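I'd like to ask some things about the structure below.
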Amino acid sequence: MRIVAADTGGAVLDENYNPIGLIATAAVLVEKPYRTAKISIVRYSNPFDYDLSGRQALKDEAFLALKLAKKVKPDVVHLDSTLGGIEIRKLDDPTIDALRISDRGKAIWHSLRKDLQPLAKKFWEETGIEVIAIGKESVAVRIAEIYAGLYSVKWGIEHGLEKGFIRIGLPRYMKVEVKDDRIFGESLDPREGGLYGELLIEKKDFGWQVYPNPIARTFMVFEIRV
Amino acid sequence: MRIVAADTGGAVLDENYNPIGLIATAAVLVEKPYRTAKISIVRYSNPFDYDLSGRQALKDEAFLALKLAKKVKPDVVHLDSTLGGIEIRKLDDPTIDALRISDRGKAIWHSLRKDLQPLAKKFWEETGIEVIAIGKESVAVRIAEIYAGLYSVKWGIEHGLEKGFIRIGLPRYMKVEVKDDRIFGESLDPREGGLYGELLIEKKDFGWQVYPNPIARTFMVFEIRV
Amino acid sequence: MRIVAADTGGAVLDENYNPIGLIATAAVLVEKPYRTAKISIVRYSNPFDYDLSGRQALKDEAFLALKLAKKVKPDVVHLDSTLGGIEIRKLDDPTIDALRISDRGKAIWHSLRKDLQPLAKKFWEETGIEVIAIGKESVAVRIAEIYAGLYSVKWGIEHGLEKGFIRIGLPRYMKVEVKDDRIFGESLDPREGGLYGELLIEKKDFGWQVYPNPIARTFMVFEIRV
């Protein structure tokens, strides 16, 4: 099975380890044995001007996933919303009302589906590929999350080299290592069966550190100081 | 403490990684230090003719656990239903109504207890051994789950050698390895403190692979191809 | 960020692995990189005369945390109650009623705040340091929990050397090792990013064992036999 998935993650943190804004949306192509991405692409946000309360992330993820899916023609597209694997093109208002989710979740989807349903429907009509809301059940979505973390670190290195310092909150239970011209990241949850990712970067000289976010257990911080 | 426990697990998967039917119920005897089974027995189902919506599993587990318990006389029998450790022989209708579980859970137990309560009561009267509904709190139930996975792989190897290919979904966060004449399995959750199991098989020549189920995070797939 | 946190843990277990009473409250000073304690202090309870249903633990933790905080002047004090990081000094009755917690949780806090709110308010007025209810989100609270486990083992060794045997239930998913004159403990959850602790003890000769609590999955038992 060839899967395209997308997720958003990595946040600039303030001096109290609170998130200021999200950094990267990553879309990945995942193939058997489903442990890393064969291809990945990124769309960066401006973390210093980001509406954390908004619902922009899922839209960004859908657009980026479809951009990659148009190119690589997967069997299915996975989005990071845990609705049991329902097809987005079928999400009309009565279907949303019948979902076993919170009232707040329903309100969000009544609004989201205005953009996402026509998009998924058109994509399915043109390609036959389903876009499904599978969320945390999907290994591909988790790999996309790990790549969002890797791209956030890549952005952080460039930003840090310019400004002298940056502190980034990584996605949930993942760690990263910078080795010469590569950033290597992997899940800290062994139950996931060994998920990882890797990005090439320009080799530069700088100090970095990874450690637990003291106010967000199971989340790590990546810090760079030049 | 000597504990007998039983659990059902391991599923034949279709080409989209969805379960077709469950494979094995295992009962185990677990003794201090509670990391593996001292004795294990199995009862196979027909995964190609299995009612996944039914409640057959818990009945199979109770019968198999009592079969082993009659032989090894443990201190207690653990079943995989998380009711806080209540004694099955005491599960009459008013007691079930007073449980802090969902209405659906109550309906299931009102039906289940018709078979299980007399069985547990008779066993207790004859042996003094309690059968309790402890579920996910029990390390012995988890070891039974790991053995259900091992027996499923054993069945899968035989089935695969005959048919050329089979894909099995293992129980939650466990991995297996085939080494000569043994199947070794262990929990992928280090918080469980190192739970594992082992089965002897006939040494045969075949290729196998273990990898994450892409649509069921923290579940692994075992695949054999001759 | 310099954080003081406190937690209670470690229990004497009966022969069926059920807790009789809690052993130790630990307060810790945690500094960057937030993986262990720089300073720790302890207050022992009498586990053989302990009201497990009571709310004594959180009060003990608050008093012990403030005792340490007065000495080391941290930036913030973390208590083990998961109320989203709210400041204890602001917990008046209308604020408690507005919290998104269970009715039982509200009743407990209406009672608890009578002691804790004036305490936190006075401490804040004198030092400017906030005492917050952050609970399981805090890495410092988790490190305090690991130290409560270490102090419980230290108590257990002394008690065991006197009485010949004791069985202690450790806090959730942590293990300990006794090496000459040190007790080393660490989290079994790698998602936490490598949290650990260490205590010095008098070197003595005794046998010990760590193994899973059979009726409390993810909890380990420490046993000493002379």
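Each chain carries a letter (A, B and C) given by its place in the written order, and its residues are counted from 1.
The rule is short, and it goes like this: a residue touches a chain if its C-beta (ideal position, glycine included) is under 8 Å from a C-beta of that chain, and two chains touch if they have at least 3 such contacts.
These figures come from a predicted structure and were not determined experimentally.
S.K.: To the nearest 5 degrees, please report the angle of the rotation taking chain A's Cα atoms onto chain C.
M.R.: So the copies are related by a turn of 120 degrees.
S.K.: Same or different, please, for the chain B to chain C contact, judged on whether over half of the interface numbers appear on both copies.
M.R.: Copies use mostly different positions to touch.
S.K.: Could you put a whole-Å number on the gap between the CA centroids of chain B and chain C?
M.R.: Whole-Å distance between the two chain centres: 35.
S.K.: Could you list which residues of chain A touch at least two other chains?
M.R.: Chain A, residues with two or more chain partners: 189-190.
S.K.: So in the complex, the part of chain C that touches chain A is made up of which residues?
M.R.: 1, 3, 30, 32-35, 85, 134, 136-140, 142, 189-195
S.K.: Going by the contact rule set out above, which residues of chain B touch chain A in the complex?
M.R.: For chain B paired with chain A, touching residues are 16-17, 172-173, 175, 188-190, 209, 211-218, 220.
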